[in-house]
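The two complexes that follow have chain A in common; it is paired with chain B in the first and with chain C in the second.
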Partner chain A sequence: MTDIFGVPIVVLLGQLLLGLINGSFYALLSLGLAIIFGMLNVINFAHGAFYMLGGFAAWLLLSALGIGYWETLIAAPLMVGALGAVVERLFLKRLYRVDHLYSLLLTFGIALMLEGLFRHVFGAAGKPYPIPPSLTGGINLGFMFLPMYRAWVIVASLAVCIATWLAIERTKLGAYLRAATENPGLVQAFGINVPFMLTATYAFCVGLAGFAGALAAPLYQVSPGMGPSVIIVVFAVVVIGGMGSIGGAIVTALALGIIEGLTKTFYPAASSIAVFVVMVLVILIRPSGLFSREA
Partner chain B sequence: MAEASLLDVKGLEAWYGESHVLHGIDFDVRKGEVVTLIGRNGAGKTTTLRSLIGVVGKRRGACSYKGADLLKVAPHKVARLGIGYVPEERGIFSSLTVLENLLFPPAWQAGGMAVEEIYGLFPNLKGRDSTSGTRLSGGEQQMLAIGRILRTGADFILLDEPTEGIAPVIIEEIGAALRILKDRGMTIILVEQNLRFAASIADRHYVLDQGKVVDEISNNALDANMDRLNRYLGV
Partner chain C sequence: MNSTTMVSSLEAPRTRRHRTTGGLLLALVALLMICAPLAIYPLFLIKILCFALFAAAFNLVLGYAGLLSFGHAAFFGGAAYITAHAAKVWQLPFELAVLAGTAFAALLGLAFGTLAIRRHGIYFAMITLALAQMVYFMAVQMPFTGGEDGIQAVPRGYLLGIIDLRDITAMYYTVLGGTILGLVIIWRTVNSPFGHILSAIRENETRVTSLGLKPERYKLIAFTLSAALSGFAGALKAIAFQLASLVDVTWHMSGEVILMTLLGGMGTLIGPIVGASIVVGLEHFLSTSGLPITFIIGLFFVVCVMMFRRGVFGELKALLAFKTLT
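Moving on, here comes the complex of A and B:
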């Protein structure tokens, strides 16, 4: 068996795959976070909680109602997105005119409340969610074994990320969104319902977090703590990619997942801080982020 | 012109946050007219336009337009009544190209101009399709800002200081274009500090001071009233 710096290649590839999967979740989450920041100017600290809600929605739909994985993959994001729309209409939209800090504190409070509530009702222990029968098993690639579900996670999240990026960068609707971040009053004067567009954007982005949560359910256990454990890294991804840069968030997320995986292979002790070391370096060299338009 | 007013503004008041900016504006505009709002900086001209389309905070009074009260129309529905707004800062989107800027506002009414027609009116824009909107000169951006409204089928245009900071040659071109639009039956409210430019296209002038309309002068009577006007404007 071939080794690279004393690490068997199978181990290396396995860690790379894990990194890519983590990166896929980072991408789904940081994409939404970047859009919310770019369009609404809100630093959405509740994003991790919505991710957790997606996971719980999947678990509850299955354990209480017997609704299967594929239906859940549609239903969970819709449920989380609907809750997001309510949060935006009731609270967030009142804060657009005041300093960022208010919406940051609001969303942070919502995150704490949701996590506390779920810990109180469901306990801290993880809930198992079975891999759907159609995605069990795996493919032997010759050099390694690729579990079907993990491959599906990568494909599904990449597809969703790219579709979202295309919708924002290449469609008329996306042009309205981009223009509304530059000059919302004028876009409104052209007859476009900007407040509705902002609600829909927030709902869509937290819906993406819900989708990530449902996608994660069979891989990691569903627990109230799943949000906080991932959200800090996701914030780092958005900072590294450049706040508000959508393409940047996707690329950075995957790259950081892989960097994490590599660190785990070659220097496991540093794996949990690798992302933050990268963040510090990027802030020192290019403070506005790798993919930001101004620099 | 004995036609009934297209827009009738009565007792319009407006606030930016706590500060009370308009203190009862009264004026009317008939179909096919070009009416200017003139006055010193801070007199409330821009705020009047912004109040009509609903981008200021609080408003009071009445603005009847085609049978609707504009103050009761949701801000995003004003454009659907055929009102086109060209802001003072021109509002060209830097993330969009010239053509994208031109195609940006949705066309809410039939009868809007085709892109080729707009290029006929403003030849400077021709051949610049893929240039980023904000790389155009100030004058060209102004043309683009007017042009994109013409596509929407708007027949009532609110123009905020189209000549500000623009080269005299371009001002002439914009003036010529506005006269063509007027001949086509377009109704225009023009906020302007450049009196000569205003006089070259307007039918009537309203003088604003400290958030109120203090005088109305028809364009024919402009020369006779120059002294009075200069006193208002403090020149």
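Moving on, here comes the complex of A and C:
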């Protein structure tokens, strides 16, 4: 049997792989978004812009300074994370006392500024980034051909997601973080520097977005438009999963990537709206989200 | 309803004075708008009017009901498409084409509202954004919208079958009339018992529930009304500019209307009009300057959120109130 509903199985598997890759990026982004929301009570609209910055950091490091892929994979998240720390210290910090809406609007403004600036300086066209030599080629799995780089993207992003999840759920630092989410005043009373922890959390999660951007650079072209197009889908993912659980965010992201891939195979016209249709169904059936702890 | 009438009678002297100054200001603005085409290019004024109505309609949910919708472009742009299609392909007269667009926006608003109101606060913003993006993707793909080209050369038709709207001055006064009608509807809504309940929901939803009212129902009605009026603004814009395009359904547009409301002063009647004038004027000025518009719009957002959250009109009002108090 080589066909499923008239679709060759090779094509189907190829689309599933693409879906899984998209899902990995959604996972990295929605994970960061969920942690930021949990800790800072901020919906970080600029998350997509930081993802775009990660891609541009990779491209600039290579084209201007000749710095290779592996160094970039460390440098890009650090650069983006540092910028995130500055944003948190200068702006977000001052908005914790007022309505959440303002921090959403602030990060929206920052996203527009970054997108507008990069579009103005670099133009709207995509910048190609070569696949690193050590990850070119692929493996023949017998039933399909698996390009090395794509396999690496899935493995790397899942490893980072799981490591982050373990760090939050199983380490002492993670326990502090979770405690500060519940009651920041009490945690501060125990002598823990909560404001610093908030800055670090924001910088780390934004760094994750930068990492995703650098990881995505060889797969998709780096362009100023890559941020906004991904952030809206990630918002839908977050609405579907609910932001109560980090594991839930990862699982939802991967599942939605796969659903998107399947739609692309069987009904291509609907592939761009598949995630939103799922979102509508989830809101109708389980309004608080699939993994949410709220009633 | 008893509680609200009591509250308003307690506050009567202050609100009455407020209303007279507000009414005076509005009359002044209306007078200016009637004379404006003598001095300023009418099509530019029409743009300001359409966005002023759009922002005022948006403010109904953000400023009064406290709901941040990130998807209002779907109503504005969606109605523009329907109106343009109705006027061009179905050959409907001006009034019916605008009505078709407005009705579409109202239905879409009812659907969005029913879904989004099931979740609170920040989720509301994300759901409306995602739903509007779905409408955007549909507009890209559906054949009748013309994809990247949009629907062009929409006939303006005749007002009441007599007045030829190809004349730009006639078109301007028609849009002015439409905008004033929309603003009066908003003003009536805000100052009705219904409007007071909306404000009460914004301040303390639990207490409103405890009074035996159903906040969801009020929010949904307000959201649908806001969507319909946004659609009305979009429909007028489509006819006046003879164009419906993808620009009006993008998330940038949803963001822009938020900025207009925020910049002018949310929760005030005149604020969104002021904000819309500033933003449209700014874009008009920037479009020939070669500066990155998106960047500057973003900068305005940041400055507004950090420095003056009450907006231009809100700050002014607070300043005046302070002066009269001391």
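The criterion applied here is as follows: the second predicted complex is superposed on the first by the 293 of 295 C-alpha atoms of A that agree within 3 Å, B and C clash if a C-alpha of one lies under 4 Å from a C-alpha of the other, contacts with A are read in each partner's own complex, and residues count from 1 in each chain.
Heads up, the rule we're going with is that a residue touches a chain if its C-beta (ideal position, glycine included) is under 8 Å from a C-beta of that chain, and two chains touch if they have at least 3 such contacts.
Owing to the predicted nature of the structure, the values given are computational and were not obtained by experimental measurement.
Participant: Regarding the shared-chain residue A:Trp152, is it in contact with chain B (first), chain C (second), both, or neither?
Facilitator: Neither chain B nor chain C is touched by A:Trp152.
Participant: Applying the touch criterion given at the start, work out whether A:Phe266 contacts chain B, chain C, both or neither, answering first, second, both or neither.
Facilitator: neither
Participant: Touching A:Gly191, do we find chain B (first), chain C (second), both, or neither?
Facilitator: A:Gly191 contacts chain B only, not chain C.
Participant: With both complexes superposed on chain A, which partner does A:Leu117 reach: first (chain B), second (chain C), both or neither?
Facilitator: It touches chain C, and chain B stays clear.
Participant: Does chain B (first) or chain C (second) touch A:Trp165, or do both, or does neither?
Facilitator: The answer is neither, since A:Trp165 touches no partner chain.
Participant: Using the touch definition from the top, say if A:Phe91 reaches chain B (first), chain C (second), both or neither.
Facilitator: A:Phe91 sits against chain C, while chain B stays out of touch.
Participant: Just checking: does A:Leu284 make contact with chain B only, chain C only, both, or neither of them? Give me first, second, both or neither.
Facilitator: So A:Leu284 only meets chain C here.
Participant: Output check: A:Tyr220 vs chain B and chain C. Expected answer is one of first, second, both, neither. What do you get?
Facilitator: neither
Participant: Counting residues of chain A touched by each partner, does chain B or chain C come out ahead?
Facilitator: C
Participant: For chain A, which residues lie in the overlap of the chain B contacts and the chain C contacts?
Facilitator: Chain A residues touching both partners: none found.
Participant: Which part of chain A faces chain C closely enough to touch in the complex?
Facilitator: Contacts found on chain A: 37, 43, 91, 94-95, 98, 100-102, 104-106, 108-117, 119-120, 228, 232, 235-236, 238-239, 269, 272-273, 275-277, 279-280, 283-284, 287-288.
Participant: What residues of chain B sit close enough to touch chain A in their complex?
Facilitator: Where chain B meets chain A, its residues are 53-55, 74-80, 85, 87, 91, 93-96, 100, 104-106, 108, 152.
Participant: For the complex, which residues does chain A have touching chain B?
Facilitator: Of all residues in chain A, those touching chain B are 175, 178-179, 182-183, 185-186, 188-195.
Participant: Using the touch definition from the top, list the residues of chain C that touch chain A in their complex.
Facilitator: 68, 115-116, 118-119, 121-123, 125-127, 129-131, 133-134, 137-138, 140-141, 251-252, 255, 258, 262, 292-302, 304-306, 309
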